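In what comes next, subunit A is part of two complexes: it sits with subunit B in the first one and with subunit C in the second one.
Showing the complex of A and B:
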């Protein structure tokens, strides 16, 4: 029965990982930009939830509604004003740009919030839910469900809406999309905005479980990276499967090899996938 | 001759340091099918790309139905009524056939009902696309992909359809079928400018032809005139 509990823990973690990776994967796939800022956006979203709760009494789950439009606007403006200027440059140059922006943002957060780890504690706590032999804290469970809902919403936006189809079209063939009348620059900015939105909205969810500090930004970024490779780049179902897979692997890895090796295991997994199935678990032709 | 729909005058264009078009003049009368022929590297595709706004003009003008479209964005060119079916078809490979067609209607603002009706029209015109509508466009045969690409262009409700390399890589029976479809569309009032490497097919389809060579239009006239021109016969049709 221990395995069942570990599996449940892994899926809860994995649901959150999906949400982290979906936006990162979207931006990478559509813009060919590796957004190093992604981790810091998550942390910033976490701080928004923390201070919103501590200072203003806004429930962390409700703060997602504030974070979403805020981060979308931030991402849109950043892409329109800055990143679009070098979108045609090789991927390493845009990576350097977002790396530089990330240095600025994470250091600004260090200056503003210090490197102290802060933990968001709900008062009163939401308690735990016992499903037979499996016991789950309710706050984690709700956070995971919200994370999966957000990821699902992104998937529906991309597959069902007009702007979503335009994003996918630009990802597959920028020039052909332009011939359909798609304003590619605008689509880029919207895509980057959606990526930032996903990061900013997953911040409050992660803050329910993990302590918040500017130092955790690179950790989340690393996870997003592994998941993208694991699930296949640029597809939301890929991020979802990759996220859940990573969560489960880390959970069992912690059990079998000790929690200190969980991260090592995820990067070993990354190397194995790169060797065996470089297109990712859900890689698909035309998405290369 | 009918009134001019598309008028390209003295057009210069190219890529980076390479200039491809050197003062191209070309006209498409309203309601006609016009073909553009010429050897590889003559600049046919570049001309199409300059007309639809994918690359800027370095000189000269593109006029369309009284509007100046010189250096217009592809978005503006399409909104004005020019749809471009690009060389190699360029379908969205991992998108369903249906979604590809909906992308063609991206700029339209006349409502879901009108788009759905046009989708139905495309399925009536190319029944195979109805069967394949849920399938990834990239998994279809070349002929089916060309049908999808043409239908995608038509979904934008253009007045002028540009088709770059209609028959390239397709079986003769499919080419005949496509030509019949284009003739039918033309009878309904659509003007068409088609780039075609098979000169016999091109002259058969079009009423008027332009011949390009090294970035310039070197010859133009009615298809009948060009078919009887000894130089054209020698160069493109094989001497008989």
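Showing the complex of A and C:
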């Protein structure tokens, strides 16, 4: 019975992880840029929800609607203004560039919000849901469902909409896409914007479970990376499977080895996957 | 090569005069600068020569610091403890290299970035051996005066810089350096033409680990107290890259020049911005990457007098 509960916890966590990783994977796959800022975007989204709720009384789930356009604009501008100039540079330079930007953003957050851990507490709380032997807090459950819905929305955008198909085309073959009349620079900026949107929107959801602090950014970044490797780079279903898998592995790992070894466990998993199945569990070419 | 070696000897001899100034401030600054020099030159082996974006510097530094500290805790003399730290970093780099160096680009970069986090977590939980989050105190060296201690650690770091520089110079002009440059330009082609890429890459990775490990141990002895977030700081990895980028990757004097410049910036600029310390570092990185991706020394090639000598 304990195992059922742990499995349920893992799936809830995993749903949120999918949402974190989908945007990161999209940017990495299409732009070939590792966006170190991703973790800080998530934290910033969390702060938006926290202060929106505490100061203005906006429900955290509703603040996603505010976070989404804001973060899209931020990501779009950042890509258009800065990162597009470096897109063809070696990996080391693009990586160092986003690292520098991340240092600036996380330092700004540290100065503005201090390193204190803040916890978003709903008043009144949403209560718990008992499904036989499994007990789940409703706020977490809703957060997970919203996270999965957001990820599904990204999937639909990429597979159904015109701009989504353009993004997939650029990922498959940049030159050919350009020849077919796709504005590659614009597609890059929109892709980065979508990545930022996914990060910013998952911030409020994660704030329902984890405390918010500028120091947690790198943790989310590491998880996004592990999930991309697990699920295979550049597919939304891959990020979803990878996220759920990591969530389940982490909650069983916490049971067997203790929660303080979470990073070590992910790293071992990462190395094993990279050595045994480098293309990931669902890896293949093309962003679907 | 002889010219470079000669310049270096003169340079190091001049630097060795610093303790005679009698200023504790300059001595402390100089020791930090030499440590940065070791870190930057070490990163150059894997990052500058082989072109692999390694973020493992922090892992080697922390590993060395803790190996040295624990060895000293068990009563080993300082010099032996430092050697142990170097060997531990060397062995760890060999093992890690065999696993990680199959990866390329982003995969390698991030995997090497996570290593420091993993080590930090392990050290944090091994409380009995390492003191965990409480940190670890080291025995105070048995030297007569504080000034003598400061000078001692300055010369220890200078010696380490000299060794690292010699290793880098020898590598640059040897078959290993040639092979590494081939790997940087086109690894598949190098592999096809008979360069044993795995062996070369692992060798470069080991060279990039051993001196950093020793520097970590010297640092631990120097400051008497270490704790996990201090010595496994990811910023060590980032600073190494920034210093090499500042000075120019792949050149012989570039990393040292970059280290000196970086420390000057750190002292002159950041002391005034304690609150936004890392933010200013971030801004520096962004500007550097956007406008001077080949390093400051590349600027000198544009000057008219520099062209005439070529």
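Some notes on this structure:
To be clear about the criterion, the second predicted complex is superposed on the first by the 284 of 288 C-alpha atoms of A that agree within 3 Å, B and C clash if a C-alpha of one lies under 4 Å from a C-alpha of the other, contacts with A are read in each partner's own complex, and residues count from 1 in each chain.
Everything that follows uses one rule, which is that a contact is a pair of C-beta atoms (placed from the backbone, for glycine too) under 8 Å apart; a residue touches a chain by one contact, two chains touch by 3 or more.
Remember, it's a predicted structure, so these values are computed and weren't measured experimentally.
Model built by superposing both complexes on subunit A: subunit B and subunit C fit together without a clash.
Looking at the shared chain after the overlay, A:162 reaches subunit B, while subunit C stays out of its contact range.
When both complexes are overlaid on chain A, the residue A:181 reaches subunit B alone and has no touch with subunit C. Once chain A of one complex is fitted onto chain A of the other, the partner contacts of A:172 are limited to subunit B, with no touch recorded for subunit C. In the superposed model, A:85 lies in contact with subunit C only, and not with subunit B. Put simply, the three-chain overlay gives an angle of 90° at subunit A, taking C-alpha centres for subunit B and subunit C and rounding to the nearest 10.
By the touch criterion stated above, A:101 is placed in contact with subunit C alone, subunit B being left untouched. Ranked by how many residues of subunit A each touches, subunit B and subunit C are led by C.
Between subunit B and subunit C, the smallest C-alpha to C-alpha distance in the superposed model amounts to 18 Å. For subunit A in complex with subunit B, the residues that touch the partner chain are 162, 165-166, 168-169, 172-173, 175-183, 284-287. Considering their complex, residues 52, 54, 73-75, 78-79, 83-84, 86, 90-95, 99, 102-104, 106-107, 136, 138, 152, 156 of subunit B touch subunit A. Contact residues on subunit C toward subunit A in their complex (touch as defined above): 47, 51, 53, 99-100, 102-103, 105-107, 109-111, 114-115, 117-118, 121-122, 124-125, 234, 238, 241-242, 245, 275-279, 281-286, 288-290, 293.
Across the complex, subunit A meets subunit C through its residues 28, 32, 34, 82, 85-86, 89-93, 95-97, 99-108, 111, 218, 222, 225, 229, 260-261, 263-264, 266-267, 270-271, 274-275, 278.
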